[in-house]
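Here's the structure, in structure tokens; my notes come after.
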């Protein structure tokens, strides 16, 4: 079976990898556009600390899945997934509130063992985990939370797919429709035939399906995310930090702390760092972690999350065009749930039964 | 007469130009270090709106002098000084305070005609001058305030000096001292003899004089300054904006607004954009001008102002080494008063009487 | 001392204000006729950019004087002079010609500091100052050029005079002559006695003096001037534009650009917008500033300038009737030189020595 | 039979009149919007001088029809149609070209006797017809050309309809659709039932039909048209003037000459006189008729012509909604062909056979 995967962010790369692993002949084609969410995103893998319960089971399964993924990548010659379990801190200044958080997370951890251990930390302890933290913040620590570098994970997934025979190209494609049936894609005038086409083009996915008369409910939501550097400070083991604001802090090797991000609905594909976006990101970060004040501002990345109206992803085959499957709409959760979702869709394309897992996410719903 | 000028920021370039115009044989040598204040600075030329009266007459004379400077540059083949009179807005939310400001500035404008006309603007009018301004801010408008692009002015000054025969080199120099007398400099092992040496090395000036046992009272004070862009908005005619915070806003062509700056005493030569510096600059700018919220953050520049303890410049010949003159210590005011001060020192070096104007600024005082 | 001022355009209002400030008892009487030049005029205050040198020193003194006027109005409770220094652009397509212009203006600026800074702008820069400008036009920028709204300045002057005790009336007056001596005026049958009468009735001044057998050399010269609006464009900071044609462009808040004007000698008091006048004004404006093509045509104003044969004003007391002084004949320059001239005549009426300044403008000369 | 006519410009007023004359119970409802083409339009009735042959027969029939219309209005108590046959001048500077024009018009006049007599005039003769004409212009004179004042004709048509029992209201309506069938309109919440609805809302017609899913191919095309006055000159008998530019000149009693008009496709409903529009109109008028230079510019009217892509009107019943008829899309020709077209549609609504005349103008075509 021959499959064209359009898009090679986390969704496309993971789908291609899974298809390749399962024996499909895969061509991945990416437009190379500026603002890919995977390249800009933070990479927190901590579904257990989500504030709401909606979609929780799916997300926790995705969290669980990461370890399978790391193993599969290793099987396919790639040890460099970048995924690391570093633990996470849900921080609050109100201890009573933290006790509720702990109870909730414990319940979840019982259902999803990858969450690890859930514990209360007083402010002094929390700062030992994350030294720049504000003195008044206590925390619930969740040991199973992880982080991943989107760029490196994507590279690993594509490398693994190539190792399994996949072909990776760059260019803008259009669907090849013949007699109402999608039969592949056109790339720079050339026709690439396929038994199935996967649309995994993130925030740009809707445009691809327009010629079919399908109005995909995904729009770009801009995120601005800032990379700080703490010269001479080893940050590799620092946990991810999850404040109540929705903004987060996330350490990376060697001495980097990533803070963010804005969630700018209605941004369109306007790829800019803005004065107010930068202020918002720094204001939140320095309130939670004043110890970052003297950190170097290295860069601010801009990405367009593929956002849906109901906050849920768009997954699986189109009703009228079963040759076309969608893996998109992850919003800010692409690096958390993308690989798991990709794996399910890949199996569906290859004719496997994937149970009811994709049922809540029909791509053509009025998102 | 042969003069070596060490440093080619605003102070060195202006001194070299004036010396060349007056017939001296000039060699300018710059170390090309990162963080030159002239390259980073904002370039507001508005001495009349200073908060304090100290040093006011000198600064206003420097403001008046810009007109002469522009003409002299034109005579020397450079029409590109970048200096433009765009007016300035002293903004306040308190009208009573503004009336005091107006009275103070009118008194100053009577003494210094280049200040132009001084007028009260209500908030609506102030926003017509600077559309992003906060709705509640009224202003005193001073029509004679100007702006200059430090990089471009420096290039024009050096170009004009070259047109007058000056030589401009790059490299790190040391003083050539022979028998207790300074006889030139060493540049990359080579000796360049001179009748006089001008130390105009900004925040780096002190190190040059150490071998003479002279402890110059100048230290680096870091400034972080941010360049915003308002796509599609013509900003050339917008006035400079002077809020009570000491931070400022300053438009440049085509669509740029420059906001800043931090004043980080004790920074040393630590050339970094910091999280807290960036936040401070944006916080001030967006409080004064909320209309900049969606502006693009283009870059943040870092410069080291040559700061003195008493806030006054260091000007003129050393007592023990009359062959060495200093033109430094301008703090944040280098682009305002540097050219005027440079002209006075150049004339002094060439034996002219410059009256008492340099008397308050002996370079060896315990700044 | 009691003075009746006939006419309350810029000349009469400014004279009344100056007289009131100096302690005279003043009655201002205006006929309220259609076509007053002050209400229609553009209000460019830029004597430095005049093409010819004739009358230049007087005009430049008048330009300098505006700053004093603004302060005096503020002292008398009026902050709303509307005068603003916005800079001016002398535009040309021929760069060599512009260099000559620059030299001429620099010489003038040296003699008259209120001219501000004189600089060459290339076409791209000129358009940043005045975005609708034709692409091929370069400019000389004169930072001290100002603009004033004649209607608002007149209101401020009359208000300030009232605050100083002046009385402002409406009606048509005739001179009250008794025994060959002017002793006041008749207004609607009533006699208003006065020690002095100021004839400041603009283009209508001649008729007033006919009963004295004085033939004043002033005739109406029609000007048609068009107000355009650029919806949504903030124009407050745009400079005045002075093309070679003698027509000009002049921005006002909020989004208005005023273009004009015709100079229709021999028009009489024929108060009409004509087809050819409107075409001429638009043709010139759109040639110089094609970017105004889509501006809204809001209104076209018609005013009658008080024109003299030699282009110079009529100022001072009549030889045979020293109780009667004239302040008229400003042609297109009333808003530029009117206030300064009014101040001189007011001082002369009150017995001050005003030097030779009024000598070139005897009102009874064969203009 | 009860008919609601939406719109009371020339199309709606004429349709209502014809329906009333034929016994229908008519309600006319107009939204009273700014920019109605009928109120702004020039009113030249000269189909014979059209440059192209397309649609010529229909237009000539409409020209012929005017005399019937005038008679019918008189029957219905209205003598004030304003229609007058004043003749027309097709002006050219090239005599050879004029000879071709004459031949073409003669052929047409043979087919359409209302064209009257076709004759060549040399420049001197042409100016006798229209004194302000440029000296070099010769002309072909067509004696049957007429003019009509759109506002007055509309008033007469509505008055005549009222005399026949029609009701005329103001307000915005929506179609009343019940079970897929149009059963009248809603006006301010009230339902007005009707057996037929006529959409004659000019440039606004498309919006009315949107709820039916009908996309009517009519968009607003702005016209700016200027009214000049020649004080003391009797202009009533002056012919219409048709230059090659497409602009025209048209005299009206007492001393008025109307010149225009711009044809601004893509204008939307942007109701403004623009600088470029005013210039274009005056430039054309004064080139053709320099004698208008000193005319008073009285006003410039702005109207939105209902333009179609193919330049042909939209006439007759909708295919899917036979209860709804359209009378729109006349572009610049509404005052020429509107009354004739209205009469045909009125008859069609009442069940008469109108032959093939409406066949070329189906309202739902992709205009």
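Letters A, B, C and D name the chains as they come in the text, with residue numbers starting at 1 for each one.
One rule holds in what follows: a contact is a pair of C-beta atoms (placed from the backbone, for glycine too) under 8 Å apart; a residue touches a chain by one contact, two chains touch by 3 or more.
Nothing here was measured: the structure is a model prediction, and the numbers come from that model.
In whole angstrom, how far does the Cα centroid of chain A sit from the Cα centroid of chain D?
62
Can you compute the centre-to-centre distance for chain B and chain D, using the mean CA position of each chain? Integer Å is fine.
69
What is the distance in Å between the mean C-alpha positions of chain C and chain D?
48
Classify the inter-chain contact topology: is it line, ring, star, complete, or other?
If you draw each chain as a dot and join those that touch, you get an open line.
What chain-chain pairs meet the touch criterion?
The set of touching chain pairs is A-B, B-C, C-D.
Enumerate the contact residues on chain B facing chain C in the complex.
Within the complex, chain B contacts chain C at residues 64, 66-67, 70-71, 74, 79, 81, 83-87, 102, 106, 109, 113-114, 116-120, 125, 128-129, 131, 141, 143-144, 146, 234, 236-239, 253-254.
Using the touch definition up top, name the residues of chain A that touch chain B in the complex.
Contacts found on chain A: 226, 228, 272-279, 282-283, 285-286, 292-297, 300.
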